[in-house]
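For reference, chains read A, B, C, D and E in written order, and residue numbers begin at 1 within each chain.
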């Protein structure tokens, strides 16, 4: 997970003040997308005043078929621009303050005339995962989105509007909001799969004994990433549940089945991340037991070598002594006997080690499975019983 | 657990689109089973249009006694076939999308005119466990099931219908749905027993010290399998509870006791899998302590050998020195005294090790149990008391 | 915990079928006990038809004072006998199926005309604990119990009826049911105390360093036993709570205080087993730390011996070299100087080890407690304050 | 925690029977305290019949101002005495049975005419903590307390009544009950502080490396003590909550704020014990890591000594060989060169160890803290902003 | 976390008595701040009687526009002063007792005429964190705050009132209360960031292998700090939730959105501290695995050196023996052959170690990532599909 520069909180600041983070991106105009069942009008990089004027025009003179508007701002550095939009569309100041504060938990805030839904897009920048905070406002026939950075995750929704496929052009702003949320959630899956792939690769390394002492660092970083993603996903279930269970303004009953489906995806997502977490914990365990095993191997080698040679060296030491009277030294076969003695000594030791099993370094645990009632057999029993009890 | 090829999610896809997984199996026609209290008509491998026509015929002209229909599709590769069935029977597009998406959590989705219940069949293919996603739709007098792969788990239900044993032929489509769910749940038990057997075999290996360094891998894989099965079982309890507690369409009150019984089985199943989980964790602990014990043994051997021979070698070293004046070397019994000294030295060491208890490698922990009030004695006390307090 | 032979589940079997386990015990007749406030009639080992006839007689012609009947069956091998009883007393087939299935969780099933309560008796057979499944049916003035094995746990209840002590003869079938449940629950306590005694004995062994490598196996088995007992106790609280909270058929308000007391015992039981569990976990920790400590000791011995003798041996090695010119060898006090040097060397080493504290193997951690405000002092302060603030 | 002799439960005993524990203390009479707003009458060590007569007198002829009675019994060995009190005051037999059973969980039992509240006093006897079970009965204008042992914890309440300070003499029996409960709860704090002091002393020992292998035993015993205290505290919150939330007989609304305050103390207590628990777990972790660290040190010493001297000894061994032709032996500076070679060899080794950092045994981890926005600075930023945005 | 001197609880003390801690700070007068929409009057260090008189004046003769009063006391040593304030403003004695007791959990106590809200300010004194207990009373148009120590955290609120920025001067005493709570909560964030920085610095040390045996102590202290902060934060969520959900006296509906925002901050805070906790646990794991790794390295060095030299020394020992007949000694190339033999022996050993991989001490785990479906590709697939299914 790429680290974002910390955004300092200034305790005591009055509420509702928009203070962009120092590292915030500058927006290049705003993107306005207007569509109805039979027409689409895309105007990217518009000046903010033009966009607001266009919105006002549509709002004051509703067309038939009804038009849906989507105003998107990518980059949160321009406090004036944000303030202007907030005031023109009467978005709540507390919500506008949260738009630029990059630590929002996913949730649904109901400000009566509009909903405020902060989410986190998980996107992949040059091999590192990074969060991109997305704030969604749902007004009557208008969706306003603020993105921390320019990203292409929402392009899929634009594509669908452009091609008019599915229901999206037939339905209202609430369906647009649903489509955005659904796309954001589905976008987590490829990232999780990547984390999973990484862990599987690491698992293989560890099991094949090719992992080194930096593995623990890998696992540690993975766990921290998983933890961060988990914190972003955890509140999603309740947030989406609130969307389709509560009677919220601007959310029609028609999109409830879609939101329920969306919540199912969020639950699935949470299941997957929990799975990752347990995988990471299990990896840790295997890695640590691998360390112990390795220590065992090292100690075995040391012990075998030492235990064989220390007694031999002692024998050699004895006959290296310079006592005047050491009868063995004069024997004709003294040297040979001594060597033979050493050889026997070594052989006995090796035999002992073999017996204890210390010399097979490649042993495998073999488990013989008990025979089990196979499924076909169970079916046969059942059929037999059925015939007898007709 | 055999690994299924991953099914990629394409973020931004419109909802309700049927996109079969690349590795999905092709269906060989559909199976239609029509039965009433006194007749059974099995037509496997039917063309989809014929099957739908047959269903329409029964629906439009209800017979007496009432007929129940069961349409089964094994293999989810044919998007056209699925779409045709979905449209003909007016199954909800979101449900049909989930039929081909292989990550569904067991649950009950109520689409007013019909119920959608995704489940996971746990089946055993050549010694590895594998999941087979089963989607059940319950309509008025019709059950539609979609299976990821051809499997024989539901054969037991077909058998019972064929032989007309028990209540199954007397009751409606909801009882058929119950029978299918019950069979799927009961089918988990043999698989869990197999996991349990494996763990018991492993436990014995570890306790008898015959486990090797791949044991940790075994345990790790078992834990992952248990984890996956657990995730499939965990939501079952609530799903079945919803079936018999909520007032759902097409589910009659008569089958509530059966569903409650079915839920009891699901709870039992969850208990068993939790048991497996704790067993696996405990295995891990014993295995790790075994490693420590083994290290202790190895180190003890090394220490005993080194500690006995290092001082002896030192003595030999001293009398191997070439000083001009070393009176002991000239003594008549010098050599013998030296050897005796060494022998004493070694004996003292061995005595010390015996005292510390390092030389018994086969010690057993013996625990003397305190005498306890036996049950008969308690009964006697009670009887005595009863006589006195009449 | 003695292992019961596994009872295979045959997936797909129709519900309500009585299939006794292969290892089930054969019943020796049935036991019928009839009592009222002033009479007791015990008829053990009766033929089933006679017993049913006797029950029918009492039911059709109620006597004054009202009679309570208790029908007990020990041994579940005879499917015909069970079926006959079930049909004669109109017990629900699903409940009768559960009577012979030995994996029931304790619970209360309400079948309107009767209650079904499966429990597990924990009894002690030749030093091993074993479960004995007990199924209780409560009808109007009749309690039917089915036991997996002949056991003497319920003898206490029979004794009380026989002696007519306490309220038991004055009250109805629901009080009999309560007495049975209460006896079953209280019977767990001696077994838990035995597990506790075992763990305390093991704790002492481990702390006194007399535990060997099989200790981990002991702890592991104890944990598994505790786990099994826990699973049998865990649902008791809710089950008994349901008995006295819900308005159940055949349960009068008069026995509610007794059931509440019974639930208190169940909660206490659960507390005790949780205590056992934490004790076992803690034992594991001490044992593992003992292993580490032992390794430390072993390594310390090795290091001390090696570190003292290796330099000495090196010195001896130097003066064992055969160089032509080695002036020290010719010195008069050369040998003595060399020995002195070695002695100094060893003394320095031993001094160093003493300094580091490696030579005291029997050190104790001494903790000096801070003086604390004693209770009497607190009372004095309070009294003083009271006098001043009158 | 001092161990109490186990109190055996006799399964099958009829309910409501008073069976004192074998080790129960004998009461020395009963203590009766009568007080009203303007008078106090203390009569300790009264005969039970006199006390009951006095209570009857007050109950039958209520005085003005109303009198409150407190009957206290210390020691539970005398079953007759307890039975007499129970019957005279119509206390429920099930509650009286629980008075002598020493395993009660703190709770509030409502028997309509009176409340039964078992608590555990934690008191300190000769440096060991011990539990003293206290049973409180609240009747109309009477509080009855039964204590397992004579204790001085309730003296504080007696003192307050005697001195008439605060509200205690103005209010009824429910306030007396509250005062007793409050005193019992507050009495836990000094004991917890003592456990905490002990752990802090142990922490310092462990961190300063002065802990020995009995530390694990200390921690283990502390954990068991904490566990027992925790089990006594855990249910207090709910019990007291029930007292002020439910409409209970004899409890007036006036004392609700006091009970809420009392519950706050109980929650605080639970927080403290949880804190202790985590402290103990953390101590365990440090201790175990200390063991690993020590092993590292020991091994480092061994490795350094061995690695330096083994090669040197080898060189000495070479020149101790007796080959006929070994030119170096005849060189003039052979011996000196050999010694120099050895010195270089050792120096290289020591240099290497220095490089790897194995020779500094006293290293400290130094962490340089990043500069942080100080509070004053934040205030300055805020002031600046306020000036600009007036 | 700087340790505060323990505040002893005297069990049995009557409720509602103000007993300041021995180490409590003496207040230097009280601070009174009166403001309305158009005027601010700050009077720090006022005598308590003057302040109470001023408050009485405002309360009896309400001005237009309405005035809000804020009375602040820093330092809790003066029991008389606190008692006087408590009685003059009719604050509840139980709340006043809690003001000086320094263990309050954050909560909201409703005393009908006023609210009592104890909080803990986390402030930084000379590099150590310390708690400063803050008690807030909310009356009709008056906020009373008591601080354990003089602190500058609330200066930010004073600044805002002085500059009249934002809504603070337009709104009532409840908004002042909200501003104080909000400032206290936001003040936790910089402290948490500091803990986080410390842990990141420690993480780098550990991963770079520069951590020493005192690291465990660091982590232990951090965990204890985190634990304490956690306990202070944990109840905040519910406390603030109670403020905006319940209908409380003196709290207007207008400030509900602000309180909800404040609760969001509290939840965020709790998330952050949980994050810290998991970070600390993970640090522990890496540190312990680092210890194991280090041991592995040490043992590898020892084993390599020993295993190479022990056989060589043995060979040298053989040819150092003094047997009369040892033919090799007389060979011309005997010495050279012997040295060659030793060299070969060493080379074989080194080769073996290379093969096993023990000689690369700097290995890195390299993981090759599988190629993944990039986001652009997914968009392309989607676009393609959209075109085909128009």
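The criterion applied here is as follows: a residue touches a chain if its C-beta (ideal position, glycine included) is under 8 Å from a C-beta of that chain, and two chains touch if they have at least 3 such contacts.
These numbers were taken from a predicted model, which means no experiment stands behind them.
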Chain A and chain D share contacts with B, C, E
By the touch rule set out at the top, what is the minimum number of steps from chain C to chain D?
1
Same interface as B-D shows up in which of D-E, C-D or A-D, over half of contact pairs matched?
A-D
Note: of the two pairs A-E and C-E, more contacts are counted for A-E
Between the Cα centroids of chain A and chain C the separation in whole angstrom comes to 41
Using the average of all C-alpha atoms in each chain as its centre, how far is it in Å between chain B and chain C?
25
Any chance you could list the residues of chain A touching two or more other chains?
8, 10-13, 17, 153, 155-156, 159-160, 165, 187, 190, 193, 292, 295, 299, 302, 306, 310, 313, 317, 320-322, 326, 373, 378-379, 382, 389
What topology does the chain contact graph adopt: line, ring, star, complete, or other?
complete
Given the complex with chain D, which residues does chain A contribute to the contact?
8, 10-13, 17, 320
Note: in the complex, chain E contacts chain D through residues 6, 8-17, 92, 94, 98, 103, 105, 107, 109, 111, 123-124, 127, 152-153, 155-156, 159-160, 163-165, 187, 190, 193-194, 197-198, 201-202, 205, 210-218, 220, 223-224, 227, 231, 284, 287-288, 291-292, 294-295, 298-299, 301-302, 305-306, 309-310, 312-313, 316-317, 319-322, 326, 328-332, 334-335, 338-339
Please output the residues of chain D touching chain A within their complex, sorted ascending.
320, 373, 378-379, 381-382, 385, 389
Under the touch definition given earlier, write down the residues of chain A that touch chain B in their complex.
153, 155-157, 159-160, 165-168, 179, 182-183, 186-187, 189-190, 193, 203, 207, 257-258, 260-261, 264, 267-268, 271, 275, 278-279, 282, 285-286, 289-290, 292-293, 295-296, 299-300, 302-303, 306-307, 310-311, 313-314, 317-318, 320-326, 358, 363-365, 367-370, 372-376, 378-379, 382-383, 386-387, 389-390
